[in-house]
Amino acid sequence: MAEMLIKNGFVFDPINRINGEKMDIAIKDGKIVGSVNERRAKKIDATGLTVMPGGVDIHTHIAGAEVNTGRLMRPEDHVKDVVRKTPLTRSGVGYSIPSTFVTGYRYSKMGYTTIMNPSMPPLEAKHTHEELNDTPMLDKASYPLLGDWWFVLEYLRKGDLTECARYVAWMMGTSKGYAIKIVNPGGLESWGFGRNVHSIDDEVPNFCITPREIMCGLAKVNKMLNLPHTIHLHTNNLGLPGNYATTLETMRALESVASGDKPVAHITHLQFSSFAGDGWGNMRSGAEEISKYINAHNHITFDMGQVIFTDTTTMTADGPFEYTLYELSGHKWVNTDIETETSGGIIPFHYKRNNAVNATQWSIALELALLIEDPWKMFLTTDHPNGGPFFAYPKIIAWLSSKKARMATLKKCHKKAQKKSLLPSITRELTLYDIAIVTRAGQAKALGLKEKGHLGVGADADIAIYNINPEKTDIARKYKTARRAFGNAAYTLKDGKVVVKDGEITQHVDGKTIWLDVQTAEQVKVDEEMKRRFKEYWTVEYDNYPVFDHYVKVPSPITVKADV
Amino acid sequence: MITLSPLKKFQYPVMAECINPDVFKGKTTAEIAALSVWEGNKQKTLGDLFAIEETAAENPSIVINGDASKVRRVGMGMKNGEIVVNGNIGMHVGEKMAGGKITVNGDAGGWAGSDMKKGLIEIHGNAGDYLASPYRGSSTGMRGGTIIVHGNVGSDSAVFMRGGVIKIRGNAGPFLGFRMGDGTVYVQKECGTRVGACMTGGKIIIAGALQEVMPTFTIDSIKPKVKVDETETAAGPFYVFLGDLAESGSGKIFVSKAVNPHLSMYEKYL
Amino acid sequence: MVQPKLRVTLLTGRTIEQGVGKEQGKSSHGYFEACSMVYMDAEDMKKLGVRNNTNVLVTTPNGSVVLKAVKYTRGSTPGLIYIPYGPWANAIVSDSTTSIGMPSFKGTPAEVEAAPDKPVLSMKELFKSQFGR
Amino acid sequence: MSIVKAVTCPVCGSLCDDIELTVENNEVVKVKNGCAMCESKYLGYKSEHRIRTPLVRKDGKFVPVSMDEAVHKAAEILANANYPILYGWSSTNCEAQRVGVELAEEVGGVLDNTAVVCHGPSILSVQEVGIPTCTLGQIRHRADLMLYWGCDPWSAHPRHLERYTSFTEGRFEDSAWKAYLQKVKAAAGKKKLVSAERLEFVKSRPRPQTQACTISGPPQTLKKDGRKLIVIDVRKSMTAEMADYFIQVEPNKDYEVMQAIRALVRDHELDVDKVGGIPVEYLEEVADALVNCNFGVIFFGMGLTQSAGKFRNIDVAISLIRDLNRRTKFAIMPMRGHFNVAGANIVSTWQSGYPYGVDFSLGYPRYNPGETTCMDVLLRGESDASLVIAADPGATFPKRAVEHMVKTPLIVIDPHMNATAMLADIVFPSAFVGIEVGGTAYRMDNVPLPLKKVVEPPAGILPDEEILKRILEEVRIIKAQKMAKQAEAA
């Protein structure tokens, strides 16, 4: 069968503690193996190149109803970045919300092989999966939005964690989801009548429950179910000055669920939740306070939500936050509330260097990433496309690994932001080993994806090879070389197949769709009562709600045994 | 000077953004003939579709002789030089223009001068819809430069206009100056309905007839005359309306008092 | 004798009968019945001397078509005629799209006159006369 | 005999998914829960208007041919075309639509769906101002004010009110059904009274009608708790008869009326007394009602997208909703017509970035309605071949557009001998989506629903997806042969 040998590369595989050693990687039938027949195997000469596991993205909005509405509303975004059909690849459009095929190709060109689509309303889960089927080159999974689901609110209010857990387990299978996503807990239900919650102890109208109870309840449910990832949390008051206090309170509240050193929550796009000040006029970074806390505790992981200075499209289930952006900008505004489950909003947004708030946001994400010492807690994202398009990742790698690179950008920023930025005082520069953690190994570990993010025997042969010679190139000084290299992989291998060479697609492959089959001792009872309740809550029939198996082109379910 | 003459009557759209003085500059006729254009879904060369002749004259840089009404994107993004079209020209002529001059001795298709920044477009026939209006979804229209149309223009012109001057010697269609923010539009004859709807700034001068003013405009004053640009002043008197109130805007519409006696009922609010 | 003509505004649109007819099949009798007619205001019909269920000729700058006039019974709509979507309406609607792809199916000017002796064409006859097929 | 429950109805954009069908001998014999159109479709699909075999026009007459021959002929036309259009897509499933985008890309054609003559203008406005909206359940649970503007759900979406809006029970809002019955009773009482009066004073002059707010009469409001229903239209439709408040607007004046309401919502005063024939005081009342509800929604239809102003009418409606959200909670939703026109927009968007009117002639997707929409391409006479599937432009396009379509080779894929098929050169019979073939469709609020296959299609009749795949495959073969020939010649 198909054997391959990647010879002589500098391997960065942090999960197996391999730091730039020159070694060979053997592949057989799409998996990494101990050795292959040297003569028979196809060889890739990686001499002088950097070899890493395929990139993993823990949080990127690439598919589903909301992303697609974003595409629909922004022809002026597409028209500046068109992609021609080739004999191998489909045509499409790029920029901030690329069409599905182009999304797959562009991730693959950067050496990414696995992505997590973090915002799936269960009612529209079929849509998400249909789009994922048309997103080639990548393995992918989605997080169903459960934080404001009426079932969750009602069972947590009753204090019935076990029943809540059963329903969450049912929902993972029904929506073909991977992790519990919580967005502005309580705020989205309140948004149903145009209101919001403003602290983690505000009561949700009509449901008599607080965000604190929702987050802690679902974190406990997450543990009871033994889900591979933690709860995936978008905090209350996101995007508002002074919200770092809410974020600190949130993390403190979650201490009650923590035990040992295992994380119990992932706070996503932390940059947007780390604003100090009490208004836009004096908005400043709260990174110092947040990083102090995270350095002293082990129950939290986070991703950056880096801001890129460009015209992009913001989209989140946090409807009330998008409304705030609409009030601030007056731009075209989409709001989509989903019955019984969640909400959503979209606003185009142009982050500008010469805007004090935007420049401060840019600085905050880098401050967090650099001040928080343990790279295994921190992951590189832009919250695509909220902070900026994912194809800007190489820029972020440069900013993280080169003080020279970030100072060059800071110099062009708004004076006020420059003055307040902590970046001039930070000397830390991430190494290639650190970069491998924050772009793949750490993300795979936080996700509990055992066959991703490393190059040990048994791992999926998802591999990225970059044109960087660590013996000759110091990426802290030659950051432009690093930027080019990470933007155009010398090779990307997906399941042992070469799919990219020299930054060009060589083969169109379908990736797998990963979801959880959570097995509980007792399952949700599907009886007439359940169906009646269903009819009351939703406008579709129970029979038509689930994501049936045929909605997934290449299925890859993971079975999880729950404690309930 | 390069002269282009269509070799046939086109049925399919011809995309020819290469017809641009900046692109032609420094090229031999052979090189110009080899430039890529699209006819329908087939990629062709300029020489496949046009007879190309070079003469020694400096100006204009490019002349198109004949019916080019299916030829789109001529002069797109041009910065220098001059194009003269002796005949009709297709959509998107002078789109994203940043300098130079285009003269059309015939009619122009839709989106002429779309996203224009600088330069001059003069159309001696009629212009289509969306004159000087931006691409779908964009909220930035014409930012500068001058457009003169001697005939009539279609609907939705000067949408999202942010600067520059448009002079229409004939009639204008509906929704002229929709969501306009700045700049000046001067209509010398009849103007269509919903003029200035959702405008927040800028001025629209109507010297001809106007059926009705949007109900969301309020009368401000009567002015004897109004300046169009450095070279031209329109003689009134004009009713001056402010709006659009639905956008709490402060755009101005000047409407000829003499031609529009039916608007005299507004005078009671003065 | 000069035929009295009435200047009206033409609307085309959905009726439940047209909706049911189209699902039965475009060549069904139900569809023909539902679409080859025009709703008119009772007063307007009186002005033209047209009785309920008799034929009229509707003319626009785009063409003319013979339809069965039917009295609109829900409220008065003077100066308005309503033809259900279909090939008969399409024979006369304005095809101006104002460059957005959408013809002007509603709100175009038209003229109506009595045509008691002219027949309403079947879809086949109509197509034959329009497209030769 | 078997009963199939929870079937999704493949007729209109409401996509009711609670239909119960009784199937006997591979035939639907009974329909429960459906409206008149639903019944008509499920009972009429087997009618004599069904096409039984592929047809090719020879000497002006249709001749039955084999599937292979029809596929080859169609593929040849498309592969050799310089600017073909591929139109329709709204009455088929997303699976077929996906192949459709690929086929359009392969032949370098213009891909367009029926949104162009339906809610395409709405999409153009969404691209300029966005859209605050929600799923239909949100309205059922929360809305206390429904406004139908320029649409008549009673005729076009018959179960819309009973499933999603006025006459449903929600978590926070009750059905207005009881109130409606009371109103009907009251109206009947009044009618009785009026007729009694008439009997008494036979010779007295008839009273002016006060049933609705017409241009000449004052609006009628009925006090009731709970949800309110307002209808604004150019004529009194069936839906208007059920409304609490009906406002009749002059044709082509919706834009002015809505813009005036916007100004009023922003507390501006107007210099005029009437807008679109409606006294400003009434509009002030409407503005008050809109601002003071807890959760309002506007549904709009072709009355706005097809009358003067077209997409600007939607722009102003959405802008009104944007303004209203500063005061209360408000949503807006287009009443989508075909059962999967939403799906056609959605699939086209995720694959190409654009919802309709996508021109692939340059090798990448390009979008500019007015330029790249098939209606305009036809009216300008630019296309040289057409493929029509799951739509009937022969019955829905203006005459001049059909004229050009008939002048060039026309390929039709449809279960029925519809108007376009009658004019075609090649006709493929296809299986009925949602009856003989399953798949996915998107509701008007973009909620995906599964379609069910309840009976087998007639022998030899294929689903749209399969027919398209065969044509696509054949197109690729023909193109490869052509390339090989060219290479040889070179």
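The letters A, B, C and D name the chains in turn, as written, and every chain counts its residues from 1.
The rule is short, and it goes like this: a contact is a pair of C-beta atoms (placed from the backbone, for glycine too) under 8 Å apart; a residue touches a chain by one contact, two chains touch by 3 or more.
If you're wondering where the values come from, they're calculated on a predicted model, not measured in any experiment.
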Middle chain, criterion being Cα centroid separation:
D
Measuring centre to centre with C-alpha atoms, which chain is farthest from subunit C?
A
Does B-D or A-D have the larger number of C-beta pairs in contact?
A-D
Distance between subunit A and subunit C based on Cα centroids, please, to the nearest Å.
57
Whole-Å distance, subunit A centre to subunit D centre, using C-alpha means?
36
Approximate Å spacing (C-alpha centroids) for the pair subunit A, subunit B:
46
Can you list the subunit B residues in contact with two or more other chains?
110, 129-130, 135-137, 139, 174
Going by the touch rule set out above, which residues of subunit A reach two or more other chains?
73-76, 79, 331-332
Multi-partner residues in subunit D (2 or more other chains touched) are 124, 127-128, 308, 360, 362-363, 367, 369-371
Chain pairs satisfying touch are A-B, A-D, B-C, B-D, C-D
Residues of subunit B that touch subunit D when the two form their complex
11-13, 15, 38-42, 70, 91, 110-111, 129-130, 135-137, 139, 174-175, 178-179, 193-194, 197-198, 214-219, 244-246, 248, 266, 269
Report the residues of subunit D in contact with subunit C in the complex, numbered from low to high.
11-12, 36-37, 40-41, 44, 47-50, 60, 112, 116-117, 120-121, 124, 152, 154-156, 158, 209, 211-212, 214, 234-238, 240-241, 248, 251-252, 302-303, 305-308, 310-311, 337, 356-357, 369-371, 373-376, 379, 392, 394-403, 406, 416-419, 422-423
Could you list, by residue number, the parts of subunit C that touch subunit D in their complex?
9, 11-16, 19-28, 62-63, 72, 74-77, 80, 82, 85-87, 90-95, 97-107, 123-124, 127, 130-131, 133
For the subunit A and subunit D complex, residues of the former touching the latter:
63, 65, 68-69, 71-76, 78-79, 82-85, 90-93, 97-101, 123-124, 126-127, 130-131, 134, 192-194, 206, 323, 326-327, 331-340, 343, 346-347, 536-544, 548, 551
Mind listing the subunit D positions that touch subunit B in their complex?
81-83, 107-109, 124, 127-128, 255-256, 259-260, 262-263, 266, 268-272, 275, 308-309, 312, 315-316, 319, 360-363, 367-371, 381-382, 384
